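This is the structure I have questions about; it appears just below.
Letters are used for the chains, namely A, B and C, taken in the order the chains are written, and counting of residues starts over at 1 for each.
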């Protein structure tokens, strides 16, 4: 059961309501009177819980699950336990996301500005914002309506934050313009100097970093991620892009819309990335490259050249997935016969 | 000499006392009247310092060291400088740890709650806790006896911290239940949303993250490490597991007891790891895997499949150490002859 | 145009002044009366902007740039657009750095200690320091003249900070001695315990970490980077070394002078690195190694052996760049013919 110390349940819902919320079709056991009280993993779900199956790895768990209602693809119908009510959809994970969001709606800010926050007289705070204890908001900062700012976060002079943003605790923001409905998790650092030096035999000369960081709407940025400001053009993160924890994004990087950037990725300065591109965890991308749209980059890859739209690449140096697999198999075979 | 500005010395001790503290046996030069005043590296140690040898790389340094007393394995006895008093033990590093801990015992908290901390009325703080300046403790938080919480740390609503925990500065804790004697270093982020989205052609839908983070007793968590809360099951770190700096642990990950997770490792969502497993630095582990107990994973490995108990693996994709070495050698040879 | 909300322009300058500032020679179109008002990238520059060309990737952009003045190498003179004033130098990036620093000089601290900072009575703060809101400065801390300390940063007991240092927000410093003119970006953690345990079959024994962190003059440390204190010797970062974001530096590491350490590098305990060495992003270096001076390590390398002065290495395990390239090519060929 979801822990009520942390999450407030807005249920229950019956199957008809859940079908409406999720856009899925009811099938399987008909139990119109049952009220479903919570969402739960297949392992732990009981008769009044909603669960989902979207990864064939968990099919065995599904077959013995006690979940009262389960969201599945249509082709699962014939295999499902007879006691289970089903919601059929081609995208069970999305349907689950909608249902879980109905049980546990996102907390909206309450109008509350801590007397122990420190807000510059010239800053403009929108309506209905929650500003926590220890928050520091600098000169000429603008914050839109319905924002939440977590404890001990600092937003430095001149930065702009759009409406409905949620900013975690212990965050540092400077030289940035942030869209609406952006989620910034704790410990994120945005807008500090990029790593720019003119190297020299007697020491390295610091190059002023004169750009900003521009963050589009609906972006999410994971805990302790760092995004440096541009050198002169800006560093840009496009609308809807989701960035995981501990990611490094260098100066002048331009990430398109709706990309996924998984944990611990590093993107070097001035690289440009298209839309809907997925970058696996711990991947490193060199500077001054053009990575296309809808590119898929496997985890731990090392990207040293431009990548065209739609390519799937893997390894260091990154190559097409097929080539990588064949090379790995070839080396294995050779090592056995000649090693 | 250990810097007295930072560390308070509880010595001196004579050789008999040090033998008792460490469980090692006295050998070598007999100097019953000498009082040993500090611990020190082999390089810098003098006649009243205690040092140790546990890595054959440092044998040369040992042979010319001026250390008055040295903790070594029994087989070193014949090589040791004649002027040196020895403590013989099969585990010199553990003996050193005990002796160093006697010279410099862990600081215990003093009963002190800063007037500039911000503690919710409904929070419960145990006896003899040190709560520093700028700390924020939310509604219904419970903190056990003898805890220390560093400056500007936020512990959000409902979280529980067991007794004798030490939490550093600028930490963010939410949705978590933490055991006793846990050490959390500065900048750690625990309990924020995992990276969960139902992808879509017009944007990605956020999946509510409804689990918690459960941390066992005696766990240590390094600076700026991030541990996301579960999606619906919990994210779990077992008793005695030690996690280094800048590690990323995804939602629903379940780490067993007494593991070592070295710096910058990333563990993807829903992966399960056994007990006493060692994961080398910068290793990446894919999601939904089962890694056994007493597994050894070399640094920078990429784990894409389940690993059985006791295996030692290496490389990307990870393979047994022997195979990795043979493949590396084969490629080297082939490149020379055919390149 | 550089955003005046964030950066204050000290221009304009004419070509003669810019030549003096940069040490470069005027050539190309003669426009002695033009006042240059800003620096800008080649893409966006207009007739009163200064830009530079130092990467042949951007030659096409240069040829169609509207920049009024451009800093280039002498061999570019013949290709340059006729309307452009040029500054000729063998090091355009360094000349640009000087000019950009003249347009936008580093902000100097103002004498201002926030009434909402928390400074121990025994701490000594130099002249003309800016100490922001929420800063905590512990017992016997010493801070030199002309320092800036960002919001909600904690500097713990006994630490020393030299003159003219700039420390960002949400930083945690302990057990450290920091030189002059050091820049520490937000979220940096310095001086926490290293990852030291004597492993055991029933749990791992913590080894006291009794050293310090010593940071030389002119060092720069990127956001969310972690530097552990030594075990007994100190962890040392030499004068002029530049460290990027999210880097991990283990206990007892000794980095020489004027090194570059790019983002997400991890350096394991007790490794010693020479001067002017460059370490590419995401590289991992094992413990107890000796890496020479003027070494170049490619991004994502894995270093498991000592490296001599002046070597250029690549890959995991790291090998000379030439060997790496040949091995990669050999495997590619073999996979095609035998796969």
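Keep this in mind: a contact is a pair of C-beta atoms (placed from the backbone, for glycine too) under 8 Å apart; a residue touches a chain by one contact, two chains touch by 3 or more.
If you're wondering where the values come from, they're calculated on a predicted model, not measured in any experiment.
S.K.: Using CA atoms for the superposition, what rotation angle relates chain A to chain C, in steps of 5 degrees?
M.R.: 120
S.K.: Same or different interface residues for chain B and chain C, judged by whether over half of the residue numbers are used by both?
M.R.: Answer different: the two copies use largely distinct residue numbers here.
S.K.: Give, as an integer number of Å, the spacing between the C-alpha centres of chain C and chain B.
M.R.: Comparing mean C-alpha positions, chain C is 28 Å from chain B.
S.K.: For chain A, write out the residues touching at least two other chains, lowest number first.
M.R.: 134, 152, 170, 187, 224, 246, 264, 282, 331, 334
S.K.: Quick one: in the complex, what on chain C touches chain B?
M.R.: Spelled out, the residues of chain C in touch with chain B are 118, 134, 136, 140, 152, 154, 156-158, 170-172, 174-175, 187, 189, 192-193, 195, 197-201, 203-208, 210-212, 224, 226, 228, 231-233, 246, 248, 250, 264, 266, 268, 282, 284, 286, 288, 302, 316-317, 319, 323, 326-327, 329-331, 333-334.
S.K.: Could you pull out which chain C residues touch chain A in their complex?
M.R.: My answer: residues 2-3, 5-7, 39-41, 43-44, 55, 57, 91, 93-94, 96-98, 100-101, 103-104, 106, 116, 132-134, 150-152, 168-170, 183, 185-187, 218, 220, 222-224, 240, 242, 244-246, 258, 260, 262-264, 276, 281-282, 299-300, 315, 328, 331-332, 334-335, 338-339.
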